[in-house]
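Next up, some structures in structure tokens.
In what comes next, subunit A is part of two complexes: it sits with subunit B in the first one and with subunit C in the second one.
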Partner chain A sequence: MNPEYSVSTAELASLAPEIVLTVGGSLLLLLEAFAPRLRRSFHWLGLAFVAAASWYVATLPAGPSFAGLIEASSLTAAFSQAVLLAAALGLLVAPGYLSRERLLAGEYPALLLWCAAGLLLLVRGVELLTLFVALELLSLCLYGLAGFHRRIASSAEAALKYFLMGAFVSAFLVYGIALVYGETGSTRIEGIAAALARGQGSPGLLLLGFLLLACGFAFKLSLVPFHAWAPDVYQGAPSPVVAFLSVAPKVASVVVLVRLVLLVAESPLGGKWPDLLALLAAASMLVGNLFALVQRDIKRMLAYSGIAHMGYVMIPLAAPGPHSWQPVLVYLVAYVLMNAGAFAIVTMIYGQPGEQHAISSLAGWGYRFPLLAGCLTVCMVSLAGVPPTAGFLGKYFVFLHAIEHGRLGLALIGIATSLIGVAFYLRVVYMLYMKPEVAAPEGFVIDFGGRVGAVIAAGGSLLLGIWPQRFLSWVAASFERL
Partner chain B sequence: MSVPISWYLLLAAALFAIGAIGALTRRNGIAIFLSIELMLNAANLTLAAYSRLLGDRAGQMVVFFVLAVAAAEAAVGLALFIGIFRLRRTIDVNRINLLRW
Partner chain C sequence: MSTSFLDLLLGDTITRFVFFPTVAGLPLLLMRRAPAATVKIYALVVSLVELALIGLFVVGRWGSTGALLARDAVLPWIDLAPLSVVYEVGLDGISLPLVLLTGLLLPIVLLGSWNGIDKHWGGYAFSMLLLTTGILGALVALDLFVFYVFWEVMLIPMYLIIGIWGAERRIYAAVKFFLFTMAGSLLMLIGILWLGWTYGRLTGVWSFRYEDLLRLELPIDQQLWLFGAFAIAFAIKVPMFPVHTWLPDAHVEAPTGGSVILAGILLKLGTYGFLRFALPLFPHAADRLTPWLLALALVGIVYGALVAWVQVDMKKLVAYSSIAHLGFVMLGIMACDLVAWQGALIQMVNHGLSTGALFLLVGMLYERRHTKKFEDFGGLAKPMPWFATVLVFSTLASVGLPALNGFVGEFMILVGTFKAGWRWFAALSTVGVVLAAIYLLKMLQQTIWGPITREENESVPDLGLREALTLAPLCVLMLWIGVAPKPFLEPSRPALAALLEDYRSRCAEPAPDEPLLAPARVSAGSPTFAAGVVDQEAGR
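Right after this comes the complex of A and B.
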């Protein structure tokens, strides 16, 4: 290390989005301590910080900074905006729920903003230690958020399960970093690529190291052998938290996983990796869709559906190359809108916190909540991948990529499992409109922010499906300079 | 004669395996967490040994970050344990089972 190393202002400026979010979170925490009367405006302040971060992300000059530990490009900017969109939705839907449960406090937006800072770092990090620290930053905030409803046991239990499994997996991640560092002599992705190209290090240990690293991020994505936490955490954690937790960490972890897979697949070690990822994708699609079919609880059903969706996102990685980024980005933006939207509506129309969110109690509510039920219907149709919605657009690009790059079998599994998916997504819609009401909803609070969030998510899913041109040209522009 | 580096690596691998087995078989939440700490420290030992082997100080720097992260994890984890103990009067993970299939 160079003892005369100093941080220039240009480098600090390259961290502007993360700095805005971290300072914003700390400020909200201080306001909670010294001006608790302003609580009602905390979430709007948080939204302002997210908007500022989004503006900084859009104006960030491209290139590496901090001696090549992080980088900025149009690619990272696109994924960062998806993360910030999820953070904005998580902030919009929360105040109604939190004030209903008498939990309104500055800690919620503070933890969410810090988590978003970790996510942005994860998207931009190109060095293993940076990635690890960013991952832990976001994980620790998520453990706190998952246990935010501290008076009910199911929330505490969800947080504890998430924490124990997350800490267990992060130990594997550190061991993987140690092995890769030891065998290649570098923790930078570029340095590792150069060492791999030279054929440095023992192939067995390197393979083990990369597998352990991939496990760490596959856990965050809840891909199939590492999915056990997702249903429990989604069911027990407060619904507005799940609206954020089920989408934003996935966007950032996918970016890291794509980086790792491209790194390994282009090296002499990479022979079997595409097949391994194809296996993960197929297992996630099958397990996710089949288990979702038998769930009675809507949050558990959406958890299994999330597992299946991450399987679809992995399909382009079964034929890795720089061309894999584009379908992944399209799918993830669609997923952020439709999944966060579904949880936003679940937050509002289920009046009781805790473990019970039965799909059957939705019966007849379609006429009671015309706007929200309409939004939920759009989200469900989009999750099912029916045109003209964002979900269909995402699936179309993913399957097209698989067919173009010789993964016909995987595309067929994907199409078959999507058809299974239609059954359980449309059951929600059937319950809403076709069944007579069995129980009147009670205790629910529908506030302005939640309505705006639901309309943005559902409207976005619909708009991307009907007029995809502008969105697709934005995606294409993100990849021009690759 | 000095101890060869490979011995440190083997010791770390053994500690990591012990930690992993402990984390999977223990029922007390705190014991699981201690096993996870053992795994993290096994990884730290690996990093330090490799750092020595390569004559490069970056590995030792990583160790400091991992230690700091482990401390933060312990703070959050113990808070969660206290939270669940207040509600359920137990931290036995087999009896914390409101959420299942």
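Right after this comes the complex of A and C.
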């Protein structure tokens, strides 16, 4: 790097979204220290910062900055907005839970905002070390959030498990980065691509390096066989955290994984990669759906369902190309809405923190919580991929991509596993409306913010399925220059 | 595009009567604390307005020339180049009878559920209205993707109706219904996507429009696979013989209204799908598999009748009789003859009327006595003369007594099948007619005739005014169709004739080795969709 390099104002401006989020988080922390009486408004302040970041993301001029370490494009903007949507939902549902558990504190929104900053960097980073730093930033915040319920053991256990998994990921990534850098002499994606095109470096070591990198992100995405941590972490961590943790990091990690896959697939090394990804996708869909079938805890069920959904997201990567971005983005936005929505509702109607989230205790609650149960039903139907919902729209684009690019087999596996999925998603609906109530809910808190979050998620899932045109033109606009 | 969806929704269009039930039903979800009577009357009014909307729409276009009665402006729906789906609906002679039947059955079902549904009436009515939107949408869709979406929209409300308001084993029945139907329709989804992709490969523009996809000439092996995918989805819905097992469960466990709508309309969507999509899109495959499907239809007729014969429960008997009756419809459709097709279409309506009436009657009896077993009845004609009259009437219509509607349909199907050269099938299926007489008359004998064997039956109240109102329109139509079927057959004739001519001419040519695109149908002499917009690629 150029030793005389100095940061210009324009370059700082290109970091505006991240800066807003970081400063916002720090401000909330200071307010927590000096004006704790304002606590009730912290989450709304946090939302304001997310909104500001979203505005900056939308207005950011396209192009690389910081000498090509990060870039801004309509594509990164689109994925960044998906991340910010997840952050907003995470902020909306949290205060009710936190005040019920007497945990309301500025640290929560602060950690969440910092995590969002890391996620945005991850989406925009085009250099391996930047990506690594972004990943560490967001992971550290998530460890804190996963263990936020400091008085119950399962939360601490979840945090520890998540931390151990994260440590593995870091090790994988650092090793991978070292190998790739050693062979190509560059850590920038562009530089690596150029080196690969020249045929520089030993193919064996390079492949090993890329495999390590891919494994790291497959861990983050909880793709089979790197998925074992997800159910435990989801079950133990506080539900509003899971609403965020189960979607936002996945969106950002998918972006990096797609970048890596495209980088390798378009190089001479790319031969077997599509098949490898097809295998990951198929295994994730099968294992996720089959294991979800036997879960009795709704959070574990949703964890396995999340594994399966990441499998569906991987389908377009089995035929990699610039065209893979589009179905991935559609699917991820749908996933953010329906999955965060489901966890948001779980947060509200299950009064007990920790490990009791039995699906069977939902029995008859459909009539007790008409609005939330309705929203949960919509989210479940959407997760099952039944039209007219966002989940179906996502599946439609993914399967279409598979058929179009000669992956009919993968589409058929996807279809078959969707059918399995229907069985366990519908069990939730069945419990809500078709069973007599067995246990009156205890200690549930349904607050305004949470209700708004649930309605946004469920309404969005329906709207995207029924009237997707505005959303799709936005998607199309994001890919115009690709 | 100058028109918007809102314009369609508010104008005198197909879209309006498709979506009106759901939109007007939304307030039902908010009426949680309203008195039950308010909810019921509101839902009934909505259903009557819906019937009026359909009626006015059809009357306004009655006798219009051409097979396609009406078509709404085409709107872009899912548009992410090059993958585009348009929202396109139209009404022709094939969908018309079923649309009218749906409109008619909706108020009848709501009226028939007045007292039988004792909890969450608002939710029940909303599910029914949402279901109606799904049914009507699937019947008028002229884009396969739109068709698929409406097809799936039907699933959730029906699942809820069986699962929440059903009998003891309702959960099992609801889940079985859902999984069977979903399995079939997911296969169909792959088929639809494949068709759209093939069209895109040939023209550069994806399309799921029926009109466009009809132009695809596919090699025989592809046709066989795709026909298989569609046929399984539709056969499950009909249901045809090996995949019928969900039906008795669903029927027996569903509440009366659910059974009526299920037997009356949902099953017809399977046969409608064969007629509208599976046969015209894959003529060579359909032609090759005709004997097999005829055989399955025949097995369904005989098997359904034999199993119905041994039932001891009225509702189960009617449920199994549906398998037999729908077997006749399938026989007529696969015979590929104009008379048989006309008969099949009218038989779909007939079955909706007579089986609908039978399910309503069984439901009324159940409300009074809380049993459906033959052994608990006997001699009901004495305390319930009106009930007995209507039951005899509907049963005879179902048996196929001349001068009632069932005769018209079955006769035309048998004649058409015979004429088309499937003589043995026609001859053997008459066994089904005989068996129908045996098991249905057995039901009459054991329930309403003979001496009164149980004390409780001495004083069962007869039909009330509401119940009579529920049944009257069905009885009137059964008689009307039976005596003067011509006005009911005539509107469908041009559409069926055009479809058949098209089907035959395509079968006559050999299937190509590679997917090809035929010239636009507009010039191919098919008036079915003559009102359509000529495609840009038509000049290729």
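Annotations for the structure displayed:
Just so it is clear, the second predicted complex is superposed on the first by the 482 of 482 C-alpha atoms of A that agree within 3 Å, B and C clash if a C-alpha of one lies under 4 Å from a C-alpha of the other, contacts with A are read in each partner's own complex, and residues count from 1 in each chain.
Keep in mind that, in the parts below, a residue touches a chain if its C-beta (ideal position, glycine included) is under 8 Å from a C-beta of that chain, and two chains touch if they have at least 3 such contacts.
Because the structure is a prediction, the values reported are computed rather than measured.
After overlaying the two complexes on the shared chain, residue contacts for A:Gln235 are found with subunit B alone; subunit C is out of touch. Once the two complexes are overlaid on the shared chain, A:Leu393 sits against subunit C while remaining clear of subunit B. When both complexes are overlaid on chain A, the residue A:Ser418 reaches subunit C alone and has no touch with subunit B. Of the two partner chains, subunit B is the only one touched by A:Glu157; subunit C is not.
In the superposition on chain A, no contact is made by A:Val126 with either subunit B or subunit C. In the superposition on chain A, A:Val445 makes contact with neither subunit B nor subunit C. When the two complexes are overlaid on their common chain A, residue A:Val381 makes contact with subunit C while staying clear of subunit B. Only residues 326, 330, 367, 370, 374, 381, 386-388, 392-393, 396-397, 399-400, 403-404, 408, 411-412, 415-416, 418-419, 422-423, 426, 429-430, 433-434, 467-469, 472-473, 475-476 of subunit A touch subunit C when the two sit together in their complex.
Interface of subunit C with subunit A (complex): residues 5, 29, 32, 76-81, 83, 120, 148-149, 152-153, 155-156, 159-160, 163-164, 170-171, 174-175, 178-179, 182-183, 186-187, 189-190, 193-194, 196-197, 200.
Contacts from subunit A toward subunit B in the complex involve residues 1, 129, 132-133, 136, 140, 143-144, 147, 150-154, 156-161, 163-164, 167-168, 170-172, 174-175, 177-179, 181-182, 185-187, 231-232, 235-236, 355.
Across the complex, subunit B meets subunit A through its residues 9, 16, 19-20, 23, 29, 32-33, 36, 39-40, 42-44, 46-47, 49-50, 53-54, 56-59, 61-62, 65-66, 69, 72-73, 76-77, 80-81, 83-84, 87-88, 93, 96, 98-101.
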